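Common to both upcoming complexes is chain A, partnered first by chain B, then by chain C.
== the complex of A and B ==
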């Protein structure tokens, strides 16, 4: 490259960078040679700079030998284009101008690379550590758990402003090429400004951008990622997020906990059955209560129907108002306990759960059975291991409740049918969402 | 994907209770019902087999795709609209029958139109799905309901109130010569196979003979159960007093230890989803056939128009059902259906068998 051109690039980059406190423009000089460096000191690891650049610069005396040092260092890339250089600079690289050549030293600082403990998907047994917030560390964690040469990693960027680096990880021999194709098409179709976490992708899975049931799973566990790689899934790692995205995700995955693998066969199956029972009760219970107390008490045997009615004798309004009241209270309680600082959290549960629940029954506002139903519904909801799905289930019970208010038992069954039909209608990157059959890899 | 054929037939077997099949059979209990059931079984199996070998020549193609380039447009429109009318009425009759049952036994206070509206909403959601999704739903709902069906069957058979002597008495009329009506009525159990004209899209290979063997066994079991169990509960003379013999039968079964004491409610809840599904399958066929008449010029507007027709007709029908004498209508419809089936199966057989796929 001619020295004029290098000089013009030098000036042009200098003019494009806004003058800010953390930019460093430094010239290194010895008798024989001089080196211009550009970098952001907040983004760049200065000890690396010291070790890889400044020390050798003064140790290697002849200019030619230093040039060949720069050319052969693995962390140093040659110049490609001005735009790329600018992007690298903003990303934390150091730009070097040396003897009419431009080099890019990749010395970006890797903050947040400590491995975090799992907090969302906890298990009793099995690995306890999750991902970190650093892309390189996360990829390393995956490679560590999945030491296969067929593991392929592609890279792309999402977000028109954030330009977040996203890595697409999959096992080349096991992935379904149709799924991989769908995933890549999906990623290129995303139109978003700031992209920071995989959950943001959820709404893009549908054309209408309004999704209820997640067809993408987000996990913080490297062991789950490794297991899912063997079933041919595509994994996305997002820079700055301790959550990996798994695609495609079907309902079976959303109901699976990693604990199933770390338990014996029958215990695992038992826990799985328990979770499906929880799913069923948390969607159906409030609706069934309204249907059976207000519409069709004759369904129950007489003794039971009487005891339900007896428990309600002091309640001055119809059952659906009672249910709505309690459900909203429960939702408020749940929402509050997530937002509250950890120190006050237990107080909220005590006040809400014990005092309010007890007082509401004593005041004759709700029946005892109602309290049981609401808390049973909430507890069964917590059994669902993936939190996004448990939120979706929490919402879908209101559909059933609405139908049961107008149609009684018939409404509950039709609502349940509709939910199943809706789940059946969903697709996750070409795989049917509501399936219990193991996805076998096509190869 | 062959098992879906089995499911389609099983679905029709289960719906026979709603569409008055047991009533007509019980009506002819002394006049050749048993012989008629056997003849219906033979004729049903033959028709099913013929239809399946015709469509096996066109793997993965429904009727609209097969006919697409073989017919002039006006003929095609007449053919498809005519066919889809048949499937539409098949669904409508089931729907009206079941709404009547719900109105009588579960929600007497709720106007029938309201019930119709919620059923239509659910059905319309299902019929616009792709054929593949409809059978997925079919499979899941049958899997969920299968245990209940078996449970009620088991409870009915082992009930102390089931009087085997009444059933044996009907057995003494075995050699009475058959009559047309019970043959036609009993053959309804098999007619799930006709849905193959659309669902053949999913059948990539020839339907395995194990399916036919299963269907034969299940259909005989099904027909004799739906015909003889009410007789066992209500007596050979008493059974024909009821408009819905099976519902009264299930109400006679007591579940001693269950919180739901009357099996009637389990039965009715089970049939809500079975009916929804049966109507959805029939109307899906109707909808896809109509779509077949404008296969090259698909548009959302046309689809909405078809939906509007479906919904309008159904609401009109539910408003005017009392004038129609449902039992008579269903009887005539069942007879017409039988001859329609025979005609289309033979037409397909002679026109399509020699064509290449």
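== the complex of A and C ==
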């Protein structure tokens, strides 16, 4: 490259970079040679810079030998284009101008590479650590758990501003090529400015950009990722996020916990059944309460009917207002305990759950039975292992409640059918949402 | 955007229409007054025909339970009476838990009006699994009864008739749907358990047998037990074998009855009963010996055979058929006038009873 051209690139890069506090333009000089460096000190690991560049620069005396050092160092790449150089610089690389050649030293600082404990999907037994916030570390974790040469990693970028690096990980022998194709098409169709976490993809799964039930799963567990790789799923790793995205995801996956694998067969099956029971109770219970107390009390046994009637004797409002009041109180409580600092969280739950609930019954605002219904519904909602799905279920109970207010037990049944019909209509990258039995691919 | 706007308006329309549809259905449980039992008596000194009483359960509030109130009204029909009772109470009357219907004995002794049971079938809110019974001395007395062990109004009746409580062969409960069916089914006659009130307790150990019109026969407790065994209802009971100098009681564990109508192409048609009784000796007024068990079995067989035979003849004489011999006959004969043939046959048919008693042990270790 001619000396003029290098100079022009030098000036052009310099002019394109906004003047900011953390940019460093430094010239290293000895008698024989001189080296220009460009980097952001906030993005670059300066100890690496010191070890790989500055020390050798002053130790190696002849200019030619230093040039061959630069050319053979594994962390130093040669210049490709001006745009690429600029991108690398913003990404944290050091740009070197030496003897009419341009080099890029990859010395970006890797913050947040410590492996985190699982906090969302906890299990009693089995691995306890999740992903870190560093892409390289995460990929390493997966390779560590899935040491197969067929594991393929593609890279892409999402986000017009954030240009977040995303890695597409899959087992080449096991992945369904149609699904992989769908996933790649889906990723290229995403139009978003800042992309920081996998959950943001959820809304893009539907044309209307409004989804209720997730058809993409986000997980913080490397062991879950490894298991899902064997079933031919495509995994996305997102730079800066400790969550991996699994595609395609159907209801069966959303109801599965990693604990199922780490338990004995019957315990695992029992827990799975329990979760489905929880799914039903958390969606149906408030609606069924309204339908039974206000439309069809004959379904109760007489003993229960009388005690329900007795517990409602002081309640001034109709049953649906009572239910709505309590449900909204419960939602506020749940939302508040997420937002609050961890230290105050339990206090809020105690105050809200115990004191408020007790006081509400004493004041005659709600009946005792109602408190049982609402708390049972909330508890069974927590049984659902994947939090996005548990949120979706939390919302869908209101549809049933609305229908039960107007149509009683018939409304509950119709609403249930509507929900099932909607879920049946969903699919995840070509796989129906209600896939329960998977035919094993023969490879 | 256009599409979502359209869906939004459809949603709003849906909700508005829904508001129009509410009304009669929605009624909170605390605004309802549950009827737990219904009593039907003849009217006293009045131009009206019946005295209808409803027992309402008052919801359990705090420690107080088993609170109830009874409202009675005289009228010619049940519907009228119910409409007259409505303005007397503060809440909507709900029949969905009316589980016991009691008729005064006088009502069933006369010709019972079909309306008196069809009304309950017609009402959508009365469950057909309600029990029907005869009340003595009156239906109202049965409703008024409040045993000390009772936690909820009429619950002791529910427990006794529903067999959730006592397991006894002296009670033969009768459901409303079955009662109705027995009225219309040729060859199967209705029966009703009799609830007798003594001071502050009730006693259900008798059964009244009806033909298609009225009460024909009131069974004694022992006969009630026999009928229970013949209907294969409840096996657990105590069979008292009383034979001159010996008396022993067998705790029956399993009683199975089979019967066969032996064809009438022979000269003398007869009904053959095979009854198997399994049990153990519970009590005896003599020293029981394990080696003598076959002897006790023989004795029990003889006594039971005789008792059952007498009972069957008694029913035959009253011309009632709660076991359904006629229905069995009709089901297995395809002549045009099978019912007529049976009607002629039944008064003269013979019974052959074969009882097999098996005493498993004496209950003691020798």
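Everything below uses one rule, namely that the second predicted complex is superposed on the first by the 439 of 443 C-alpha atoms of A that agree within 3 Å, B and C clash if a C-alpha of one lies under 4 Å from a C-alpha of the other, contacts with A are read in each partner's own complex, and residues count from 1 in each chain.
Rule of thumb we're sticking to: contacts are C-beta pairs under 8 Å (C-beta built on N, C-alpha and C of every residue); 3 or more make two chains touch, one makes a residue touch a chain.
Just so we're clear, the structure is a prediction, and the values are computed from it rather than from any experiment.
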_For A:408 in the superposed arrangement: first (chain B), second (chain C), both or neither?_
both
*asked:* Touch test for A:295: chain B only (first), chain C only (second), both, or neither?
replied: both
*asked:* A:434 in the overlay: touching chain B, chain C, both, or neither? Say first, second, both or neither.
replied: first
*Should A:421 be classified as contacting the first partner (chain B), the second (chain C), both, or neither?*
first
*Where does A:350 make contact in the superposed view: on chain B (first), on chain C (second), on both, or on neither?*
neither
*Please indicate which partner A:313 is in contact with in the superposed arrangement: first for chain B, second for chain C, both, or neither.*
second
_Quick check on the superposed pair: does A:42 touch chain B, chain C, both, or neither? Answer first, second, both or neither._
neither
*Applying the touch criterion given at the start, work out whether A:304 contacts chain B, chain C, both or neither, answering first, second, both or neither.*
first
*Do chain B and chain C touch any of the same residues on chain A, and if so, which?*
295-296, 298, 302, 406-408
_chain B partner contacts - residues on chain A that touch it in the complex_ = 295-296, 298-302, 304, 403, 406-411, 413-414, 416-418, 420-422, 424-425, 432, 434-435
*chain A-facing residues of chain C, complex*: 3-4, 18-19, 21-22, 25-30, 32, 34, 36, 57, 59-61, 94, 96-97, 99, 125, 127, 151-152, 155, 158
*For the chain B and chain A complex, residues of the former touching the latter*: 102, 106-107, 110, 114-115, 118-119, 121-122, 125-126, 129, 133, 136-137, 140-141, 144, 258-262, 265, 269, 272-273, 276
_Touching residues (chain side chain A, partner chain C) in the complex_ = 208, 292-298, 302-303, 305-310, 312-313, 315, 318-319, 405-408
